[in-house]
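Some structures are shown below for you to check.
Shared between the two complexes below is chain A, which has chain B as its partner in the first and chain C in the second.
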Partner chain A sequence: MATVTTDASQQEPELKIVEDATCTFCGCVCDDIELTVKGHEITQAKRACVLGKAWFLNHSVDDRPSCLIKGQPASVEEGIERAAQILTQSRYPLMYGLSDTTTESQRVAVSIADWVGANVDTTTSVCHGPSGMAFQGVGEVTCSLGEVRNRGDLIIFWGANPAESHPRHFTRYSLMPKGMFVPNGRKDRTCVVIDVRKTKSANTADIFIQLKPRSDFEALWTLRALCAGVELEAEQVLADTGVELAVWQDLMDRMKGSRFGVFFFGMGLTMTRGKHTNTEALLALTRDMNQHTRFVCKPNRGHGNVTGADNVVAWRTGYPFGVNLTRGYPRFNPGEYTASDVLARGEADAAIIIASDPMANFSERAREHLKSIPYIAFDPKETPTTRNAEVAFTVATYGINVPGTVYRMDDIPIPLRPAFDCHHPSDLEILQAIEARVQEIRVQGFQSTEENTSLRPARELPDGSIAE
Partner chain B sequence: MSKTYILIPGRTSQQGVGINEGKFEATYQSEISVLQVALDDMEDLGLEADDFVRVTSEHGEIEIKVKSAKKGELPAGLLFIAYGDYSSRLMGADTHGSGMPTSKGIDVTMEKIAALSE
Partner chain C sequence: MTTSYLKLAGGYVYDPLNGVDGQVQDIWILDGKIVAPPGPGVRAGRVIDMAGYVVMPGGVDMHCHIAGPKVNMARKMRPEDKRQSTFVERTLNTHSGTMGSVPSTYAIGYKYIGLGYTTAFDAAVPPLSARHAHEELEDTPCIDKGFFVLTGNNHFVMKSLADEEPGKLKGFLPWLLGAAKGYAPKLVNPGGVEVWKHHPRGNVDTIDQTVDYYDVTPRQIISGLTRTANEIGLPHPVHIHCNNLGMPGNYTTTLNTMDALEGHNGHITHIQFHSYGGGEGEEETFCSRTQVLADYVNSHSNVTVDVGNIMFGETTSMTGDGPLGYYLHNVYGTKWFSADTELESGCGIAPIKYRNESLVHGLQWAIGLEWYLLIHDPWRVVMSTDSPNGASFLAYPQIIRLLMDRTYRNEILKTVHPEVVNRCILADLKREYTLNEICIITRAGPAKILGLKNKGHLGPGADADITVYLPHENKQIMFELPKYVFKSGVLVVEDCEIREPLQGKTYHVDPDYDLEIEKDISDWFEKYYSVRFSNYPIQDGYLHEAEVVECETKDD
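Coming up: the complex of A and B.
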């Protein structure tokens, strides 16, 4: 943990510089930020973008209580006990969120879900969940952002607007850097933006292609056909995509002529009608292109450690999101075990929401159900979700107060270098305590039941005995 | 009969800044509470900046302030709003077996109203 810089003696707080701090606001996870820290406040964040500056400069220590139960201040210990009771008494608990915390916390969270037989889902399901389904169906021709930086000479953004969502994407990874095989940086790269809206990112592009809304799938199959040399009817292509066939042919010629082409795609594909089939089409096109040149495809991931959430849930359960553990073994089925569906169908009878805000982002039906059940929420700041929680923990902020590991959008793990201590506990500390208490309650339950009729398999308990 | 538009909720940098300042603070609340409308559609409905409209989808209805999109940013018939409570109220719960509600490309109708309902 970083050095505490208190001013208990009424002196000026100590000034310190944290070099190579990691910004965890978005999936770029920039780890070259220089922070100027005065006591419990970051006063400057050199090299950070507009979002990174807002992240670092607005996370001073929150003066709310560390724990609220039904809106009333309570001790953290009371909150842990109430949380454990809610989870163990529930018949169908939902665990959701996880993308704005460390991999260490994610790991413990999945353990809790396993102990209580929960349904685990992350914000991936309402972000790039459909991409995850497409990866399973088609496969992923991929690379690290370092390879894009050093090799990419044709960069295509499809349904993505990094100028607003990932402001340093262009300068740090994809367009501006001078790389090993693109020594002149931006001059050696061609940038194409494909979107239904002329976004700020479109202003950066050499070529902007404005699609007819909800025609991504048709446009991608047009390109697949052109890649395979299939002749197409110009009128039909224009009617289907809103773009002239000649424009698509020109793009395909550039794609085949590139040495290292890269697709970055956003939620313009995954949130629009078609969803995973849109992404499948893009991944299949990328695969097709490798018969002609080197081409890769990367999702622009949003939250700071949403990629870590996919990784951790996958190594704990075998699946990246939407995992049901109620039978004691993992089952994966997007649409059935994803949080938005579980809530909208009114199935979950309790929930634990970690570092996310479904009360702001989910459909009205899902929000209404979440509001009607007891749930536990973790967040450094007050949100619509923490306001409605039965137990709300105010936690230290990852990367600013708490060390740990996060995964960049290209699955590269990056360490955090916190700036100052915080009197609020980390979510890791609380989750570990909840896990210990849940285990105790479960063990007591096993011991008091003469005949265990549970379908869940026998488990090894902390003392080495087998619970049956 | 009201004309049909396609609504695209999305990210903005101001919305991201607002999340960091706090979701109940002015930056976030003002960013998610305004609908961007194409210039042609503003003229078509006789709208000026800060006028109010009622937007209705199959799943919900909101009353919201409008502003004109930058020239060329939106084609006629397309509306934009930053993600938040208002956009969520227009979104359906069905994920079509994907886990993801259709959060972009939502069919809506829009009509001008004199003021917000009580």
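Coming up: the complex of A and C.
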């Protein structure tokens, strides 16, 4: 760990510097932050953006019990026992969240989901889930962020506003850096912002194209047509997209003229009318562009480790989100097995919510149902979700108190360098204990049931017969 | 770990490295290792009767795609592939999973061990994503594993070669392998992927073309990395996916690549895909050139190969060869994933269906088999399907049957496109593999080529990774469902059921290098990488069970 301790007087808390610390606030996952730490306080976060500074400098360890059962202080051990009981007694447990914690914790969480036959879903289903589905339709042409930094000469933001959501996106990856093949940095790049309103990001753009709201799909297909050399009617294009055909033609000329073009897209594309068909259109356009030049695209992912959650759920189950394990093996169906839908239909009879706050942002019907079932919540802070939980764990914060791994929005895994310890346990420790207890209960259940066949697979012999 | 002797008594033992060819012998095991028989008077704590069974070392898959970013992208991209497939149900002590051409991590571990394979290496990991591969491998139980590190389009490598600074390369390569905790350098379409990053549909046609920006040719990359890797004394010096994979007429590129090894040891992988004659893009002239390449391999002891069979059916093509992914997508009109990794590599993924009615696919199938049958020394040809590219690793038993049973082979040959027999010599090849030879190409050989001294044999000191088969006339049935599989002396599989899902360890190298080079690399990172130099190397904490395989530097 690259920590340097400077001498301090005996009364003063120890002062230390953490170099190359990683900020987990957004999907940029900047790993070049220099933290000055005084005891249990971060006093400086060099190179962090305004969001990162707020993340590090305002961090305080909540002065709450590490565990509450039905709102009453309890020991962590009691909480673990209660959690294991809830999960093993449930017939249809739901696991949700996962995107604001380490992959180490995500892996244990998905293990638990498997052992108890849960429905597991992540916050991807309410942000870039449609991008994941579009990807399954047409694929994706993409790259790591360093490729954009070294090569990107035409950068297009579509329905994304990194100036406010990912403040260091421009300076670290997409616009300002001097790269291998763009040695003059910003001067060698053209920036285009396409959005329904003039966002803060539009101020940085060389070209801003203001779309008619809810016309992303039409606009993207206009570009696909122009890419393929299809003649379009100017009036129709203007009516469909709110933008002159000449503007789209100019953009397409620039796209074909670029050496390495990049689309960054945000929830302005994925969560507006058309949803996954919008993303599919953008992915297909990017693919088409590779007949003419090199072109890539990338969703601007939000949560610090939502990309890790996609990866872990995918390598454990084969599917990226919205996975149902109740039959004893993974099944995938967004809309059916996505958490907000499961809850809104009143289906789950218990839940485990990790590093997420559905009580603050799900639909009323989903919230009402969640409130009516016993659930376990993990969060460093008190939230509407922890307030209504049967078991609420206050946990240490990843990246500040807890080490581990986080996947940047471009799937690059980056290690965390925590600043200081915290008296709350990590979610990893608690999840591991819950997993161990769940397995104990399963084994006991197995041993006490003589005729138990549900836990034991049929054995197929070489001759095709089935043994007990 | 066993605390007292375990004896596998009286099986037909196949241990080609130690010259045992089906003789009835006992195998003694203590603490996860095979030991010499302890002598009269010593009784084993447990004896398992192997009478009538065939006992072999555990299988070793030296080239497959089982972990890391591209494998996981393929999982995410293809729900339809799993929906139509079987699945793995959770039990009391094993996890559930999905199958299809790219199974989930736990399923991969269970299926490999269930097949009697106890070691597998992922063939292509970008070092920037090494952490991801390690995380997945930790979730891949039951087998020992490791991965090869993509180096053939690495900018630092190309720059060192262009600047004619072999010293820098000799510092960088071991640093990179150590930082990634990888096992061997992998070259994928050396130089060609960089050209792809510069031009639409870009690629190189020959190994003597100049790569954009760096004044360097694929030949220089191949020779330079091969020489350096051999100087460092890596257990498996270089693993090469040649340029122009899949292209008609590419056998000349393959010959040139083998020549570019300049007599140093090197391994050419999935050579089936690199053995084609014919004119550019022409199905009319597409044909097998296995014989001429096999002649070269037979007469040059520095070269080893694995085959990369294709088998008919649907699978997923995944490769570090970015332009190849684009090519396949255009040929088959399928969905396509491509990802370029800064300064290091590319990646292409596309679904693919091999059809026996297709002349091209039929020839590819035949060429794969020709390779096994034309290489005289089985120690230098390894069974692989480049899983899942040619087919899943689960196809190995069927390939064994094709090699051991000429009648069956000829029957299948009759079902492929009728023109295939005229474009290759498979129909004329009468050779049938023996069990001993199968044992070589599936475990003893790959272990030796990988430099794994404790794998692939049953002599004292070997890891007690042992597979036990019930002999059967149909060799596919025999090899599909082993009776027992032992891993590190523990009975992991019995009668197709997992008894004890062990973790398995990760193999990697940790070669020495001149520390001076770190300053250069650190400056390089500062300028061009999007992650910090200090956050790049894999910390020890990522390896839970691991073993370093030592390098053996030559005295000179």
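Please note the rule applied: the second predicted complex is superposed on the first by the 443 of 468 C-alpha atoms of A that agree within 3 Å, B and C clash if a C-alpha of one lies under 4 Å from a C-alpha of the other, contacts with A are read in each partner's own complex, and residues count from 1 in each chain.
Simple rule for what comes next: a contact is a pair of C-beta atoms (placed from the backbone, for glycine too) under 8 Å apart; a residue touches a chain by one contact, two chains touch by 3 or more.
Everything numeric in this text was worked out from a predicted model, so none of it was measured.
Engineer: Please indicate which partner A:Asn388 is in contact with in the superposed arrangement: first for chain B, second for chain C, both, or neither.
Structural biologist: In the superposed model, A:Asn388 contacts neither chain B nor chain C.
Engineer: Looking at the overlay, does A:Asp357 come into contact with chain B only (first), chain C only (second), both, or neither?
Structural biologist: first
Engineer: In the superposed model, which partner reaches more residues of chain A, chain B or chain C?
Structural biologist: C
Engineer: Once chain A of both complexes is superposed, is A:Thr293 in touch with chain B (first), chain C (second), both, or neither?
Structural biologist: In the superposed model, A:Thr293 contacts chain C only, not chain B.
Engineer: Could you look at A:Lys198 and tell me whether it touches chain B, chain C, both or neither (first, second, both, neither)?
Structural biologist: It touches chain B, and chain C stays clear.
Engineer: Would you check which partner chain A:Gln85 touches, where first means chain B only, second means chain C only, and both and neither mean what they say?
Structural biologist: Neither partner.
Engineer: Under the definition above, what is the set of chain B residues touching chain A in their complex?
Structural biologist: 6, 8, 10-13, 16-17, 19-24, 59-60, 72-75, 78, 80, 83-85, 88-89, 91-105
Engineer: If we count contacts the way the header does, which residues on chain C are in touch with chain A in the complex?
Structural biologist: Residues of chain C touching chain A: 67, 69, 71-73, 75-80, 82-83, 87-92, 95-98, 100, 102-107, 128-129, 131-132, 135-136, 139, 155, 197-201, 213, 326, 329, 335-343, 349-350, 470, 472, 477, 480-481, 495-497, 528-532, 534-535, 539.
Engineer: Okay, in this complex, where on chain A does chain C touch?
Structural biologist: For this pair, the touching residues of chain A are 2, 19-20, 22, 31-32, 103, 107, 111, 114-115, 117, 132, 135-147, 149-151, 172-173, 179-181, 259-260, 287, 290-294, 296, 310-311, 314-320, 325, 328-330, 332, 405, 407, 411-415, 442-443, 446, 455-457, 459-462, 467.
Engineer: Give the list of chain A residues in touch with chain B in this complex.
Structural biologist: Touching chain B: residues 25-26, 50-51, 54-55, 57-59, 121, 125-126, 129-130, 133, 161, 163-165, 167, 196-199, 210, 213-214, 267-268, 270-273, 275-276, 302, 321-322, 334-336, 338-341, 344, 357, 360-367, 381-384 of chain A.
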